[in-house]
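Chain IDs A, B, C and D follow the sequence of writing; residue 1 opens each chain.
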Amino acid sequence: MKKLNWGLIGGGEGSQIGLTHRVASTHDNYFNFVAGALDIDTEKAKKYGVNLGLAEDRAYGSWQEMLEGEKNRPDKIDLVTIATPNSTHFEITKAFLENGFHVMCEKPLTMTSEEARQIVEISQKTKTICAVNYGYTGYPMVIQARHMVQSGQLGKIRLIVSEFAHGHHSDAADMDNPRIRWRYDPKLAGNSSILTDCGIHALNMATFVTGQKIQKLSADFASCVEGRKLEDDAMINYRMDNGIVGRLWTSAVALGNQHGLTIKIFGENGSLKWSQEQPNQLYYTPLNQPTQILERGMPSLCEQSLNASRVTAGHTEGFLDAFANLYMQIAKAIYQNNKGEKIDNNKIWFPTATDGKHSIDIVEQAVKSAKNGSKWLDII
Amino acid sequence: MKKLNWGLIGGGEGSQIGLTHRVASTHDNYFNFVAGALDIDTEKAKKYGVNLGLAEDRAYGSWQEMLEGEKNRPDKIDLVTIATPNSTHFEITKAFLENGFHVMCEKPLTMTSEEARQIVEISQKTKTICAVNYGYTGYPMVIQARHMVQSGQLGKIRLIVSEFAHGHHSDAADMDNPRIRWRYDPKLAGNSSILTDCGIHALNMATFVTGQKIQKLSADFASCVEGRKLEDDAMINYRMDNGIVGRLWTSAVALGNQHGLTIKIFGENGSLKWSQEQPNQLYYTPLNQPTQILERGMPSLCEQSLNASRVTAGHTEGFLDAFANLYMQIAKAIYQNNKGEKIDNNKIWFPTATDGKHSIDIVEQAVKSAKNGSKWLDII
Amino acid sequence: MKKLNWGLIGGGEGSQIGLTHRVASTHDNYFNFVAGALDIDTEKAKKYGVNLGLAEDRAYGSWQEMLEGEKNRPDKIDLVTIATPNSTHFEITKAFLENGFHVMCEKPLTMTSEEARQIVEISQKTKTICAVNYGYTGYPMVIQARHMVQSGQLGKIRLIVSEFAHGHHSDAADMDNPRIRWRYDPKLAGNSSILTDCGIHALNMATFVTGQKIQKLSADFASCVEGRKLEDDAMINYRMDNGIVGRLWTSAVALGNQHGLTIKIFGENGSLKWSQEQPNQLYYTPLNQPTQILERGMPSLCEQSLNASRVTAGHTEGFLDAFANLYMQIAKAIYQNNKGEKIDNNKIWFPTATDGKHSIDIVEQAVKSAKNGSKWLDII
Amino acid sequence: MKKLNWGLIGGGEGSQIGLTHRVASTHDNYFNFVAGALDIDTEKAKKYGVNLGLAEDRAYGSWQEMLEGEKNRPDKIDLVTIATPNSTHFEITKAFLENGFHVMCEKPLTMTSEEARQIVEISQKTKTICAVNYGYTGYPMVIQARHMVQSGQLGKIRLIVSEFAHGHHSDAADMDNPRIRWRYDPKLAGNSSILTDCGIHALNMATFVTGQKIQKLSADFASCVEGRKLEDDAMINYRMDNGIVGRLWTSAVALGNQHGLTIKIFGENGSLKWSQEQPNQLYYTPLNQPTQILERGMPSLCEQSLNASRVTAGHTEGFLDAFANLYMQIAKAIYQNNKGEKIDNNKIWFPTATDGKHSIDIVEQAVKSAKNGSKWLDII
């Protein structure tokens, strides 16, 4: 297979998100990093691009320039990643999709449900791939969980309990810390803080693992640190399409929690537990039997999980390895797309614009529910 | 100190609850087991009492007989424990309190809030001690948590997240298992199943540790196993008197969980985590510092926690040791009561009828909320 | 069954060992505590005995007095526990056995191998029970491990790796702390410190679980804290009768370890791991399958393990519950002995004088090996 | 900084070691993969090189060809990694060093101590860098441990207890499995199996963390699976230059262990514990204080540890991230070397030929000791 060309928008010098996309996209030798518009500042963008080894004519000063520059090249980029501030995702994603580029967009896909709807539509119309970065779905043991659930190994799923509760916004003295302050300012962060930032990952994981959407929800929001205008702690109770009961706790004030993404899936014949902080194990309890510890890389795991693993069992794989699995899937999808084949969703998986839209729909209704006494609301 | 006389109602042959009360009450040499009405069957009650070493005239055939027999004896029992079916708690507790006996009643104290109100009133009027068995509060590291919270070490408490979620009712084939069936039959179990049975322990622990009551709540109930008429899974969001945000998940279908009682307390200056399945450790995270593992028996713990410990740090203490701590506290309260002293609640702690009533109030409102779309309701 | 009479020598006021024996012996209602010589000081001994509820004539001033007082009573004690300083174990145990009493002796049974040999001989000749307190063998999951090993579930055992490494003697400033100093003084502690105090428990557990004795060993001793004349850290490599390879690490300077007793048993078809600090779980890995977490009280466990459990799975049991299991076994053995039946070692288990002697033989050879460049030495 | 050119010898199609070196070397953008002799089969070597994106003239058919091809190019490789079978390491490393190339050699550096001595000498004479792949030293929390030890935070180190004990060679039925068989064949594996393969990593980590060498040792070897001619389980007791007591257990039959590399360092003022299977945490116990859980990425960690981290605290980093840290250090060393500066070992760390030689010396003496009744032997 010919290596694919990859470009990045955003992720300027010192940004962590840029680094993680660059490492993840090139980790498995599918993509060459060949183009970028890496900073909002034209000069910085060009200079940093060259520093990172881009050719001078592909170290662009803006995303518009990059779109123009790339669209007529014979060796144009096969995929562009958009890692700019949230409010710009819609415009840039739209522009690239309309010009036939495949896009990997940072989460959240857009600021509103209506915008997300448009992105889904454009992607379908232009037959382009639009992925959204729910990077935690790339962990091999999450893929194994999805396989066990969807192949019926747990029987009917009854209940999903997940958390994404960290404690990194616990210090009241951080009120003016610029790294944190904007997250609780509705003008900059929109209508929701921790749910949009973290909780939505855990909800996306529930839909990823089960293949079901969320149908209705009831939300309770709290601002535990005085003076915050958006929630720093929230509970979402929900039901999925096929009746699964769901519960999500998300928090930024769970002091002592380092990361806090966990998922527990309870079925009639078995259950699964997984935690991002110990990602190489999956705890599986068959009904009326002892709990088993499944380890990444064990020969008895499903093919997709094993393919998502690189080092032998017992060695640890981490977040960047997981994230790289998304790029691996997208590369495979591009190959199929280039051959004019339909993407086989049984073999290739990655979160798409449809998933991105679902998350935004959920946040919108959760905000409304929280304002209306935890009233149950349908997801459209 | 003279040893106290103790009697037991209920807890017949083969019952586990009888065994745990007998072990816990005599564990520390405060009580002699001298009287009992151990079975609903008169003959069995007498026979089993004698087998356990009771004198023939104090191995009673019924609680009424026991009340008559004991009330005029010079060596009458100092404390009676009531471990009969839930629906009989009110009547028996009331009768013994009215006759001046101190009572330790199994949970739930009564079937209705109104009954509980009466018990509180009678206990106050008769100056008798009425304890309720929230046995998990007896763990030394829970006592340490209470000390740290109430002495202000964590600053203002923001959030309490607790769970009591086990998986022992996961098997749909248990529908006709008599050990389980009655728990989901409203005629036998009342208006709530898992919340009354388990969740209420975790809520009581939140009030025990903080010294605050629950002010209002919103509940979501689910019956995950088909055909159940009461909830086997529930989520309660609540607020405490001083604004603490609370969240409780309770379940009987959390397959893979053995017991599942945990509590996490998040304050502005620190947090605590404790789990019943690893009760000898308390995880403490001071703001902006690494998490510390506090161990039962460490010399730096509070006096009450150290007094509740028997074996040196590193050795494990378990449920029976914790439960025995309640009896130790009650014994100390009886000694004070006998001397005509007021019970010093800073030194002596155990759950009382007031706590028992609070739990019942909570369950009643939770049931209503769950039936009304998770509406927020005040606790009277 | 008629309750048995029990007496205690040593374990005076404030001693923890006295408390644990009193709790453990009476925990399950097999024994009444009726006689004691609780202190080396005659007056204290009598006073404390009466305080604990002994009749005046059975609150003895010395063990000699107690032996005289008890031996001709019709209601004489059925079992005496010896919890005096190590150097007195031999004399007292010998005297009581020779007078036909059953004995539970604290560890170590004697100071020398020759004394231990005599105790074994006397116990056999007088047909008395002589138990030694290796209390950790009473944990239900250790009993389960023993069952799985001895019933062949792991196949041939290849390797046992155990530890008893705590950190409570790490502080060099404790040099003059009377609680610690004597342990490293050869005049008071004998020829070995941490191996005798702790390591020997882990070795006894290896013999308990496998039913095999240690055949030869090589030892490496270290005194990590300057100025200590006995070892505070030791490694023993050994071979058991049937070729099992064994390794024991024991330490008093493993700072951060609270207790540190663990055992891992590796067979050709499976392995087991157990830790005293989390005693309610046993980790079982069948060959080429995922690790399973066996929980105390699970219905699939062996009968002996279930019989050693009191509270339902998920609730914790601790050290005192485990220790009480030894007394339960001894009570059963006394009942059989009283009926003139031979004790059925398949059903009744507890560590005996033979085990006590084996430990002393091991220590003697380990000391020699450590002084001779880790030379391999046979256990006689 | 200009990116460096990197070449690989060995690591052919399907090999995991090739993949890990390619990922690790390019992970942080320091190296371009430009040359390779990837297979012992000339045709396969060339074809696979081209497939991986090498230019045709740098996809060599043998290492000799590669040496010739590279040595006179202006854009010649800055570093060559040797990932060929063990017996060829010496010859290839020697040839490249003598021609002025920097080398990263897989472990073990050579087959004999004498060969290792020569490599050290050549590297010094030619002023080339010769690194050896002890990849586990690259974990950020191992670097933090090293910092805490060498900056004196634990006081004098007393004791190091480490393990590298996995269970992947437990199945006796694997006797003829080619992946395993050669490891126990002295003709192919040399004089030692599990100690050379795994144990030596744990010993290297002890020297890495303390900066001390091993001075003398006593070994006990066992072949737990019948028919094996080399050890599959070993215990090494040792002393380091400054008197540290050391203990290493290494095994291939520790069924149930997935990886099993752990290290515990006990000092007079504190201790540390780290495990490769949970590499993002370091357990730190200061004397007489509770244990603290240090997390990768915490701002209070040392600069070198933070520099070795890429993603924020709470996210996991794994083996490939750790291994990439070695390449990052080597790149920095090459930059300094190119500028004619002496490598500052306070800032730049990676295992060198000297470390590789020390490991081989240790294995040689351990084999002798094990054959001579665990006799203590000096390391030359």
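The criterion applied here is as follows: contacts are C-beta pairs under 8 Å (C-beta built on N, C-alpha and C of every residue); 3 or more make two chains touch, one makes a residue touch a chain.
All values derive from a computational prediction rather than experimental measurement.
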Most distant chain from chain B, judged by the mean position of its C-alpha atoms: D
So using the touch definition from the top, which pair is joined by more C-beta contacts, B-D or A-B? A-B
Quick check: how many Å separate the C-alpha centres of chain B and chain C? 35
Could you grab the centroid distance between chain B and chain D? Build each centroid from C-alpha atoms only and quote it in angstrom. 55
Distance between chain centroids, defined by C-alpha means - chain A, chain B (Å): 43
Residues of chain D whose C-beta touches two or more other chains: 291, 295
Which of the residues in chain B come into contact with chain A in the complex? 158-159, 161, 165, 167, 170-172, 218, 220, 222, 224-225, 233, 235, 237, 245, 247, 249, 251, 253-256, 264, 266-268, 270-271, 273, 283, 285, 287-288, 291, 373-376
Provide the residue numbers of chain C that touch chain A in the complex, in ascending order. 284, 289-295, 298, 300
Contact set on chain B toward chain C in their complex: 3, 16, 19-20, 22-23, 26-29, 52-53, 166, 168, 257-260, 276-280, 295, 310-321
